[in-house]
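Okay, so chain A shows up in both of these, paired with chain B first and chain C after.
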Partner chain A sequence: MQRLVELVLLLIVLTNFMVLGTSRLSTCIRAIAFQGLLLGLLPPLLHRSLAVYTVALALSAIAVKAIILPRFLQWAIREASVRREIEPRIGFVASLLLGAVAVAVAFGTAQQLPLPDRGGSLAVAVSLATVICGLIVLTSRARALTQVVGYLMLENGVYLFGLTQAARVPFLVELGMLLDVFVGVFIMGIVVFHINREFDSLSDTDLTELSER
Partner chain B sequence: MILPALILLPFLGALGAYVHRQAAYRTAWLVIIAVLHTALVGETWVARPDPILGGWIAVDALGLLVLTTVSGLFLVTAIYTVGYLRREDPRGGRAFVSCLLAFLGSASLVSLSHHLGSLWVGMESTTLSVAPLVFHRHDRRSLEAVWKYLVISSVAIALALLGMFFLATAQFSPVDTGRSLVLEDLLDHAPHLNPAWLKAAAVFLLVGFGTKLGLAPMHTWKPDTYGEAPSLVSGLMAGALVSCAFLGIARMVQVTLAAALGDFVRPLLIGFGLVSLAVAAAFLLGQRDVKRLLAYSSVEHVGLLVLGLGLSGVGAYGAVLHVINNAAAKGFMFLAVGNVVLALGTSIAGELRGLVRTLPVSGTLLLIGLLALTGSPPFGSFLSMFIILRAAVDGHPWVAATTALLLAISFVGMAAMILEMTHGAGAADERGQQPGTKAPIRESAWLIAGPVALAAVTLLLGVYLPASLQQALSEAAVSLGGVVP
Partner chain C sequence: MLSAIAGLLLVMLVAPLLPGVAGRTKAILTGRRGPPLLQLYYDLARLFRKGVVYSTTTTWMFRLAPVVLAVSALLAACLIPLDGHAAIVGFAGDVIVFTYLLALGRFVLVLASLDTGSSFEGMGASREVTFASFTEVAFFFALIALSLATDSLSFAGMLGAPLVTAWPSAAPSIVMAAATLFVVLLAETSRVPFDDPATHLELTMIHEVMVLDHGGPDLALILYASALKLTLFASIVISVVVPRGMLNPFLALAVLAAGLLAVGIAIGIVESVMARLRLTRVPQVLVAAGALAAFGVILLLR
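Here is the complex of A and B:
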């Protein structure tokens, strides 16, 4: 079981790099959907049980993170007919390198923050790495849609950390979490839709009218 | 029954307002709910209700002060909205009133939550309920503002959630540390919390809620959002939303102080406070738009709030008092600017001259607001800013000196623009292009009653603090590790 958990966590890190290193939006979305699926597999593996609560957690994560949201994003890129990221503020190779640094930093930090009960520090490290990679995508990409993918990565990292605590912390927190992902992207999606209708482009690079002169 | 009513009433009101087809019903409904909510808050002052839901929802002095601030400001804004909706038809129509009421419900949830998870849920829903209100004009600038606001505050709220998880992890210990994330249990068992996780939690909560509060350098959404949102929404954000975010940080401070980590968190708070004051001072000079000017003034005031918390001692008392003063002063200032925009169609200072003649009431309010916001006696903010400065003089003379200098620079920036707007006789008169610069414009009673009442409150708080308010302030200050001046 432990091996399987480690494999899943490793794959999550790899999906982060897939998002960081690609310019194709559809690859980004597929990677984030795969990451959602992996997160959905984790609750039964981590808690070694098939209790109703664990299964419900797994199924809801898969439904929202691996199916609904990616579908929604796919629909958005079709609507807006955007395929590729336009030259990002930080290049793809540079982002990959930054991602590697992020993973190193995350593992170093996780060493400082041991979980008191068992050696769950790998999950902590991967969750921090995913949060940082999400922030990198959010700040370095120009397309509004890619930024949404970055936000989803960030949320996935937070969710992964929540999973390590799911046995102790009441479920309300995880519910709030899913709600957050859902509503956040739902509203962002509406705005993306407006950007699309208004300017025929989902880039926010030219949304600079408000910067300080 | 009062506690559930305080939270549920606005949400039910939001649903009710959405069902109504006629605009007049909806606004009447808005005012009725706001009045009922304020009445319930008044009832809470008379006798504090017992906690419900196993202590998840409860009233303490700090929460009650924030709740009262939010409720009072909302009532004023609701009355203003009646006048506003007669003149303007914001996008979304029916949703406008519902979003306002949903905001009131979420802010009440934040104020009354003693479970930090539900506090977070409340904070998240304030973000969601405000976003549609910002996007009221269907144009590029408004779109950019709402996009920035959504992205930055969603990230902030996600980081705050991670902070909450860290806090729950800090409770993980061989010794019993009570129910997870319930404030009372956290405070009772604080010495057993894991310090490494607690520090990590403090940093993430400070950055997350600090972004909602608009501390520099996470303030970048603030001028854009306040500048583009309808003035009454900006006022509500600068007054009520800021108070809620302050409460989030204050809860974090309570827990870290109880765990004897004051030496870790205080320098962080002082640092963020000073950076915010410095950034505000720099950008207050040379602004062109009065709403953006007020946004930077808000950055200045939230800087003062965390500075007060960080200085501790009498600073905590000053900070809590300043929450009320800031909300009242920012509230009426934004509403007065809203009147100017409704009458003359712009908030660019260069196109506005001699407002004390054109719009006698709103123009005078702008002038009073300038004094109140810059902490001039005899206004309430003079008292709270003075207490915060005194706390700085007591232990950190260089902090006091820097703060005083930055406040002076901010005063110059604010005064330059506002005095020009109210008293300047610009070239616009000769060109004759400015409509209505000569004859005074009649101002609707709906639009001036609220701001005038708020201005009276700021003035009153400067000369007289009622005994019950003093007692609540002292209680709140002590819970934040402060002392009563």
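Here is the complex of A and C:
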């Protein structure tokens, strides 16, 4: 069981690298969907129970993170006809290296954190790494849609961190968080779609001026 | 010792077969008949019978390079424990000697290609060196992971008996190192998706373009050395994936032979399902491979 948890956590880190290294948006979205699926599998594995609470949490996470949101983002890139990230502020090679450094930092600090309920330091480390990688994607990419993926990654990290402390987080709070993310991504997707229709571009560098041209 | 020498002979003998296996797999998967499996042997025999023509712009470097390349590959072969136990020559830190023997071969080949004064060859040399600087990092990260997992600094430990005991506890890191090593194999030996061994268009090829001016026995030595290099990397990958430290040395050699065949087929499959990467994307993939191995290292340090 412990090996299975480790495997899932390692795959989560690998999906982080995949998002950091790819220029194709649909690959990005597929990676984040896979990450959502892995996250959904974690609650029953981590807590070794098949209680209604954990199963419901797992199913709702899979439904939102692995099915609904990726579908929606795929729809958005099809409608907005963006295929790939054009010129990120930090290149793909550099962001991969940054990601590797982030993972190293996360694994280094995770052991020093004075956490009350440690669901294994590996899970904490992976959640930190995911949060940092999400931040890198959020800040370094120019496409609004990739930034949404970065936001999702960030949230996945937070969710995973919550799981390691799950005994203290009530079900309602988890569901509330899922709903928040769902609504957030939905609104972002719609905004992105409309921006694209109005300005024919999704690059946020074009959105810094308010004046009419 | 006997089995180590037998291993060296085996690798030297089957080396030209490996590109043939890869090519045949690719041909079958894409619905063609393909060249005979032993094509490279025929090529080598033909080339060795030929004379040599040297351009007047070339110097002694051009003549020296093929010999140094072939000898360095052979010496590198002596360092790998092919029978799963011990190499012909083994000591702490032999992994570094191995890497830089191959780098020496590349260095003289690059010098020779620059020596011809052809701009095409210069371009190929520049690409080869650029990509090599990325593969080397990835290769070393994979080696560091193996070294940490087995707590040893030589191939005999990293690919031998200590690896067998390390597998259960460090499986994720070892798998990541093996994946990185396979990517390094493809990049180092100029296979798809990094380079296309079948193309003869100067603008796209990397390794092939450097040897355009070589002919006769010189070209034969270069072709043989690159086939041997492919076989060596394949043996490393096999030794990591199927640790043979506990087997009888001769049984281990049989496993190695079967594994080489499997790697040849795997290369053929990769070549038929993937297209060659754009040149600008190559460093990206190599850095990703390095990051994978680095992650394996981080896991072991935890």
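What to note about this one:
Please note the rule applied: the second predicted complex is superposed on the first by the 203 of 213 C-alpha atoms of A that agree within 3 Å, B and C clash if a C-alpha of one lies under 4 Å from a C-alpha of the other, contacts with A are read in each partner's own complex, and residues count from 1 in each chain.
Rule of thumb we're sticking to: a contact is a pair of C-beta atoms (placed from the backbone, for glycine too) under 8 Å apart; a residue touches a chain by one contact, two chains touch by 3 or more.
Everything numeric in this text was worked out from a predicted model, so none of it was measured.
By the touch criterion stated above, A:L115 is placed in contact with chain B alone, chain C being left untouched. Of the two partner chains placed by superposition, only chain B is touched by A:G162; chain C is not.
Touch criterion met: A:V13 reaches chain C, while chain B stays clear of it. When the shared chain is aligned, chain B comes close enough to touch A:Q147, but chain C does not. In the superposed model, A:P44 makes contact with neither chain B nor chain C. Once the two complexes are overlaid on chain A, none of the chain A residues touched by chain B in the first is touched by chain C in the second.
Across the complex, chain A is touched by residues 172, 283-284, 287-288, 290-292, 294-295, 298-299, 301-302 of chain C. The residues of chain A lying in touch with chain C in their complex are 6-7, 10, 13-14, 17, 21, 92-93, 96-97, 99-100, 103-104, 107, 111, 121-122, 125.
Residues of chain B touching chain A in their complex: 117-118, 120-121, 124, 128, 131, 135, 138, 140-141, 143-148, 150-151, 154-155, 157-158, 161-162, 164-165, 168-169, 172-174, 180-181, 194, 196-197, 200, 223-224, 227-228, 283.
Residues 112-113, 115-117, 131, 135, 138, 144, 147, 151, 154-155, 157-158, 161-162, 164-165, 168-170, 172-173, 176-177, 179-180, 183-184, 187-188, 191, 194-195, 198-199, 204, 207-210, 212 of chain A are the ones touching chain B in the complex.
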